[in-house]
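Quick one: this structure, given as structure tokens, is what I'll be asking you about.
Note that the chains are named A, B, C and D in the order they appear, and that numbering of residues resets to 1 at the start of each chain.
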């Protein structure tokens, strides 16, 4: 059994990971920590866990010591010293945050306001988008779990960009996320009476996931890709859906075949039959990504819609998938989740 | 592996059962049927099942033949002939409907407008509220899976009535259900724009679950119990919560101890610490029942709040629990579900 | 034109009052104040008001000076000195809070932890449940606007208690409120991901509105009334519905006639035709109270369901109704609101 | 008083119009009709109207006879004969449907499958997007009220296209609508359990509003405009928001000034301060359109977000605005609605 530790366990990513690990046949929770709730039981914070996990929240140090792999869900900047400590202690480290996602230090500095703490760690860090970087992940000890928006977007556009089915220029990405993406912290935006029956974009063309998206798409396209990315906040809890607009001359059938082939052996990516549209509810509670393809013939566009559960494939589920790869388990171990029909 | 067949698989109870059976280590789906969708794949009706279950819906006869146990989710009246066929074929039959829940034929006739079709089957039918009827269920071949409201209510009041902690007279039950309780069929009441941001009671003191509730509570109390039962429809999908008002002289601490003792070995019933209130979201997607106890000293009442997921403990989950008992498996097999924190 | 000032204008009650005053033909906003947002425009806090009301939030003193009537929506305890200042300045004062609702100082101290600040003011304060206290309100200068729960409950039970249609003993009140009742302040309970798809009771048999409810019902019944009152929080924004269980021997038709007669001249109370159930969505955005009557013959109960918009009839609308009475206007002035059908 | 008749009054557009007319100082309901509910009171269909409007639904002929202006909310194809009857009877006719929106008969035939019934009526029909066609509307007797998506889109892009602030090529429009847009008819898509917590696009690049959008934008741009238009269905009731992506070289400040100037005298269009993003909840229940401007400098795009209430500015409100213009009333008469803050 892999001993799994979680630092920042009371955040939404952390508590979702607990749920997944409790159902994982080859892993068990070792210790979990939280700065805000140290000394309390996790089930006092989340009564949904009563009886299922009543572990007491301890310190970060205890987590590291007790674990084979440490997952961290921390505010940006805080993962770097923790990663250092894990590497020094010979542990595997999987980070839910952004600290190790960007290869370019200057991009990181632009968006996060500080240079890298330990440049040598960034050299060994692997970007853990499993379907696209499986081989790199196998030998990794420090993994940057991708962001939720970037996961939905890269999976959605990878077959098109890799196969030259669309132009790498002029891509527009209109994404919509459930409120769990904003986390457990209170804010006016996620106050019930503010969000319920409301809908708006936020951080228009200014979201921190933009450089991560462009980094990933550029690799896929083999050229510098610049996108317009606008996230919106949905009045629901879970899920991200991205509607992506590309310039393309290929027929829908050609695109569909290429997508099916690209993902034919992937257990977590489903290319929906032509005529269907991806809906985020159909992937909720699972590690699945649903992709639907559409063509606007009169405007010459291929439109790709990609839906994931932001807390599973966009966070805790993909983190478990990464762990499975690192520890040599079948990728689907503990992740054979079926979406509820409602 | 137990071969599991489902008749009426495209209803909400049926499709939730599919989800549970897919995760059950000792059971597998044999065949599933639906009158409305025969010949289609279940995943065409519920895209959430794409890749997880793409079985084609067949006829009722094929289901019976291929299965060790047949679950039925049918409109009332239709389960009786199916039960007969299953008994004749030597299969176990577990009914989601009301056909076999009432012991009194005259009560059945009053509420459902017809006499029993096969009175001899009603003699062997067992009412499958697992925590209260486990011994009867063990040898049963025909099980009436309890209704969702009656499950939440009987579990909530059993310790009080069994131990004489409250009066059997004057009980008021105010229940609230999510919209899945009304099923997949379209209706004005469950049209999104009618239900969203709305809330109302329905079938006030006239709901068909009333005789089932009173039958169960009367057994527990050892005397005829008459309740006032008012259900309400919540603008959310899953869960039932019942707030139950009883006349009582015992202290909250005494009641709490009695409840804890009553359920001390029950994996699916949690008596919440005093001071907490049950919330239906904390049992969603699980077979759990959360019970909280409260005292209104100045009015001399013990108030019990009981929450379940109407589609799991109130339907498909309890049905699986019944199957586990019948087939000699540990009761929790396939039901160790953890509620999502959000 | 009546000059209307609002102290605490950025709270939910305050901003709803602004909306109503903007549509009132005989009143206009003079000045509005807020401690937290002084110096800002109200439309910066609520962009829904852009163009409709861009007034700058000023100090409490400026509000008093500029107004004929001052409405206050303040945390409990703070209305008493403000009322004093208004009385000294010869203004009418209408309080959204609880400071002047209870006649008994000892009850007030029990629930709010402090004695009355100005006992002489409590002697002139009038409890402003318009339908039941119209004559007292006419000459009043200091009005305690009733609480939202107490409004729905007293209107619902008044005809029954006044006419002896039910027992004054053993009344059970199960109420459900939308999230606006908890106000604009951030809390875990009203965090979107906590409340959405969730439902639970709170402050079970311990809510501060209990003494106000019992004070009102006792007057109606002419004897001391003790109720069991349990509020619940709904995952929606507006509205309160109370399901009230009484012991009664009268027929439904008799009760219905008495209710219709009791409210025959009331523009804001509608007794629904027998067979219908009150739904809070049908009174949203209006000053209406919908009442439906139901009988549980087998348990000997009359069940009354009463629905209001907690922010209108339960707060700002009733406050305007009080103002209309005090200033000699037709009660419906500025309150002829039609509920949206969706 | 203008005598207002409504044909198809029980549809969502019709019942919202009733609400507006009830608050209109210079208009009153004459007669209302419905094929499905003829002979019933409208308040039996919509209990929100009890006491406010208990009119009985009559025949179409009675409506025409009793009215100065007839509004119709009918399935496409049915408005043309009704318009003919109204013209013959000397009435003003305002159509909520699509029958008279497209100037090109071949476009109409392509999207609606039939030629024009009365080509001469199409010559006198005026497209009633008030802010852009006010002068034409003044003398009109047959008005095609614009579609909800086209209203939000044309208002959002008009200043940019008119002033050449963006390219007329390559525009991408990602729209999201509340469920009222799908109307009162039951459908699986708008079944509560299907839509709640779900989100998906529909009719991707194939929505019937596309030719109406392109017709309008082409006029504004002075050249043929081809757009990519993808609508999505939101799990909420009211509102449409369109996020529109244009290629542009002008600075945000320049665009902002041009937008402010373009709409400086428009009571129903608000250009939000730079830095804010339009949110559909802030225009709910009003005839307002909120527009926010954003720039993606690195991709060279001007992004325009436009929000309206689909049932008011997108249907009944704009219809009243058209009526006001035709009858020489100030445009805001009966439309000075303030959005609720929650």
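Quick note on the criterion: a contact is a pair of C-beta atoms (placed from the backbone, for glycine too) under 8 Å apart; a residue touches a chain by one contact, two chains touch by 3 or more.
Quantities reported herein were computed from a predicted structural model and do not represent experimental measurements.
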Winner on C-beta contact pairs when A-D is weighed against B-D: A-D
Centroid comparison with chain C (C-alpha atoms), farthest chain: A
Whole-Å gap separating chain B and chain D, where each centre is the average of the chain's CA atoms: 46
Whole-Å gap between the CA centroids of chain C and chain D: 36
Distance from the mean Cα position of chain D to that of chain A, given in whole angstrom: 39
Residue numbers of chain B (touch at least two other chains): 12, 180, 193, 196-197, 235-238, 279, 281, 284, 342
Residues of chain A touching chain D in the complex: 170, 172, 174, 176, 193-194, 196-202, 204-205, 226-228, 230, 232, 234-239, 241, 243, 245, 277-281, 284, 294-299, 301, 303, 305, 307, 342
Complex interface listing, chain D residues touching chain C: 12, 15-16, 18-19, 22-23, 46-53, 180, 197, 237-238, 270, 272, 276, 279, 281-285, 288, 290, 311, 336, 338-342
Chain B partner contacts - residues on chain D that touch it in the complex: 12, 179-180, 184, 186-188, 190-197, 235-237
